[in-house]
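Per-chain numbering from 1; labels A, B and C assigned in written order.
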Amino acid sequence: MDWINSIIQGILVGGLYALFAAGLSLIFGVMRLVNIAHGDLIILSAFLGLTVSTSLNLHPFASLIVVLPIMGVFGYVLQRGILNKTLGNDILPPLLVTFGLSVIIQNGLMELYTADPQKMNAGNIEVASLSLPGGLNIGWFPLLMFIISIIIIGILQFIFYKTSLGRAFRATSDDQEIAQLMGLSKNHIYGLAMAISMIVVAIAGIFLGIRTSFDPSAGPSRLIFGFEAVIIGGLGNLWGTLIGGIILGVSQNIGAKINPGWQLLAGHIAFLVVLAFRPKGLFHRMDG
Amino acid sequence: MTTDRFEIVQSSSASRISIFIAFFIIIILFFAPWWAGRADIRLLSEIFLYLSLASLWNLLAGYCGLVSVGQQAFVGFGGYLLFALTIFAGFNPLLAIPISGIFGALISLPIAFLIFRLRGAYFAIGTWVVAEVFRLSFAQIQSLGGGSGSSLPVAIVRSIASSKAMRESLIYWMILGLTVLILVSVYLILRSRRGIALIAIRDNELASESLGINITRSKLFVYIITSGLTTILGALIFLQKLRISPDAAFNVNDWTAFVIFIVVIGGIGTIEGPIIGVLVFFLLRETLADLGTIYLIMLGCVAIAVMIKAPKGVWGFVSSTFKIELFPLSRKLKNK
Amino acid sequence: MHKKILETKNLNAFYGDFQALFEVSIDLFEGEIISIIGANGAGKSTFMKAVTGLLAKVENDINLKGKSIKNLRADEIAKKGIAMVPEGRKLFPSLSVEENLLIGGQINRIGPWNLTSIYKLFPDLYEKKNMPSNLLSGGQQQMAAIGRALMSNPEIILFDEISLGLAPIIIKKIYQNLPDVIKDGMSAIVVEQDISKAIEISNRVYCLQEGKIALSGNSNKLTREEISKAYFGM
């Protein structure tokens, strides 16, 4: 029973990992950029949520009203101001610039907030649980997190495949030169894509901040979880990324059950196994 | 025939002069234990270690397009191997160091098997994951101190040399020697036929593939060599520190972030770049390191600014403005 | 008297350090069809790229209705009413046929062309509208690419080597349709390797040879001999 509980927890946290991954995946799909600072931006959102909810006396979920637009605008400005200038045939500039950004964000947060771990308080929902037959208890919060992750992935799929903006994303991703001939401003499209990615990052950050304690150096682990979920699931497939996140979460929890020190290691091993035997991921639709 | 009028020349007067100067400098540095104080020796050692790490990273990233943010895996591996080989296998530390390099090269094979399946930035993150696996795994080994680490036993330290001064000098000379070896090796690799192939790959992968150059084999060769050498550097680093822990051994900031900044600011894809970069880096550190996190933020800003405004770094700017090369790599046509 | 709608004056164009066009002066008047012919590498596609804003380094003038567009971005030029059917079709593989047309129309200029009228012109496309565009035959892809360009209701439409890679019977069919496409006052530039098709469809012709204009004149007045000489640079 304990094992089943672990597995269910793993599935539910997989939704959060899929959220980490979705923003990463989106940006890679549209502009072939991998944002090394992605995890740090998630932590930045968590800190932002913390500050907003404590200073305005808001529930962490309500802080999204402020955090969401801030991160969205920040993403647009970051892309147009800095990242667009790094895009081209060379893979080094975007990688090194986002790496530099990662260092800046981590140390900036350290300056502003110190290295102390923080956590947001969401009240009763954090401990409330749902009783299921067989003695299983599922926390309402993890369940909510999972459901919202699915909804967000669904929304992203909808945007990508059923709207003119999504059409513009796909066209620009296919052939950025010809897309310009259609009147699409590459700079603007990329800016919008990053804005959307940052909005997803904001939501992921708030959830993270409620679920667990975080500190300025927690970014890279989140990047790695998101990355592993993307690779396990396969590039170019958001639903695959959800499965990837779930596999990652379940592996981590099974590892933790065997030995608490093995939690992270188990996840990495699952990733390496998929990399060894199915390097393109389980449901891949796009090449790297 | 018009070809009789030209010959292919690789060195220039600038490079010939710099070879003399370099020789002179190396001799002076060799005698440092006599004219420099202990703190200065330590600083010089650190500079050389970073220069070596940077040159190797540059070879991987600037020439092979293999951008690793996980070289700390090998640094830490070298450190732990030093401890394990001396404590459990009874090797003399001086012998354990080159042996660790061999192990480093060996383990890079299965790692390459896995991560070469990834491309570009995903490859980079893959190397990070590997470093994390190393860190988490070594934290589980209780006999080497587990999560809190361990110190090198006094007896082993004494076996290097009898006096502290002699020990420090020996380690310093090993580091100096290794740095010169690495710089020379990097230069020779790039000057060789394989090296020309690498530069061709860097400039246009598809074109060089169509010329029959086996890209994967060339990249693998470089990856194995840099892994082995980085492992040796790790062993030397922790021989100096005398203490190891998973967080120190596999620290991203110390062994990757700083190295990347050095290469980027100095000039990526050039041999001279890391030399300039390491000088700039230490200059900044000596003057600004008190500022702690602010210093790191500034480093990040400088790296971003350099990448956007002057992607070839300080040396790239100098080299293209004044058209000089200290380590001659390009072949020029010269009138006979 | 028809007004000049597009002109280049002594245009130099470069790919990095390599100069591909030398002092090219070409005029396009309202409502006319001109063709640009030349061998491979003569600079025809370079010219198209320069006009549509896809070339980074150009010197001297490109004017649309008297105003310079030399420094505008490609998307800005597209919004001003210049559309291109690119060499090799270059449909978006991630988009269906209909989505390709829709993205062509996202500039949203007023005019007779919309999904309905495009499907009327090319009924084959309507049948396959939800298919991924890269699954169409060569000829159908060409129709889709033309439709995509038309959807923006441009004033000037550029055809870059539309006969390349297509069977003669398909080429014939497409050129038969062309007058229906270029009506209502649209102007067109047709870049072609197939000299007879180029001469047939256009009012005036320019011949490029190694980046320079070797010959220009009215299509019905130039002799085969004159054209061959200019084409091959003899």
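To be clear about the criterion, a contact is a pair of C-beta atoms (placed from the backbone, for glycine too) under 8 Å apart; a residue touches a chain by one contact, two chains touch by 3 or more.
Please read all numbers here as calculations on a predicted model, not as lab measurements.
By count of C-beta pairs in contact, A-B exceeds the other of the chain pairs A-B and A-C. Centroid distances built from C-alpha atoms place C farthest away from subunit B.
With centres taken as mean C-alpha coordinates, the chain found closest to the middle of all protein C-alpha atoms is A. For this pair, subunit B with subunit C, the centres built from the Cα atoms lie 53 Å apart.
Measuring from the averaged C-alpha position of subunit A to that of subunit B gives a distance of 33 Å.
Taking each chain's centre as the average of its CA atoms, subunit A and subunit C sit 44 Å apart. The multi-chain contact residues of subunit A, meaning those touching 2 or more other chains, do not exist; every residue touches at most one other chain. Looking at subunit B, one finds that none of its residues touch two or more other chains. Residues of subunit A that touch subunit C in their complex: 164, 167-168, 170-171, 173-175, 177-186. Against subunit B, the residues of subunit A that register as touching in their complex are 32-34, 36, 82, 85-86, 90-97, 99-104, 107-108, 110-111, 220, 223-224, 227-228, 231, 261-262, 264-265, 268-269, 271-272, 275-276, 279, 288. Across the interface of their complex, subunit A is touched by residues 61, 65, 67, 69, 113-115, 117-122, 124-126, 128-129, 132-133, 136-137, 139-140, 252-253, 257, 260-261, 264, 268, 293-294, 296-297, 299-301, 303-304, 307-308, 311 of subunit B. Residues 52-54, 73-75, 78-79, 83-84, 86, 90, 92-95, 99, 102-104, 106-107, 148, 152 of subunit C are the ones touching subunit A in the complex.
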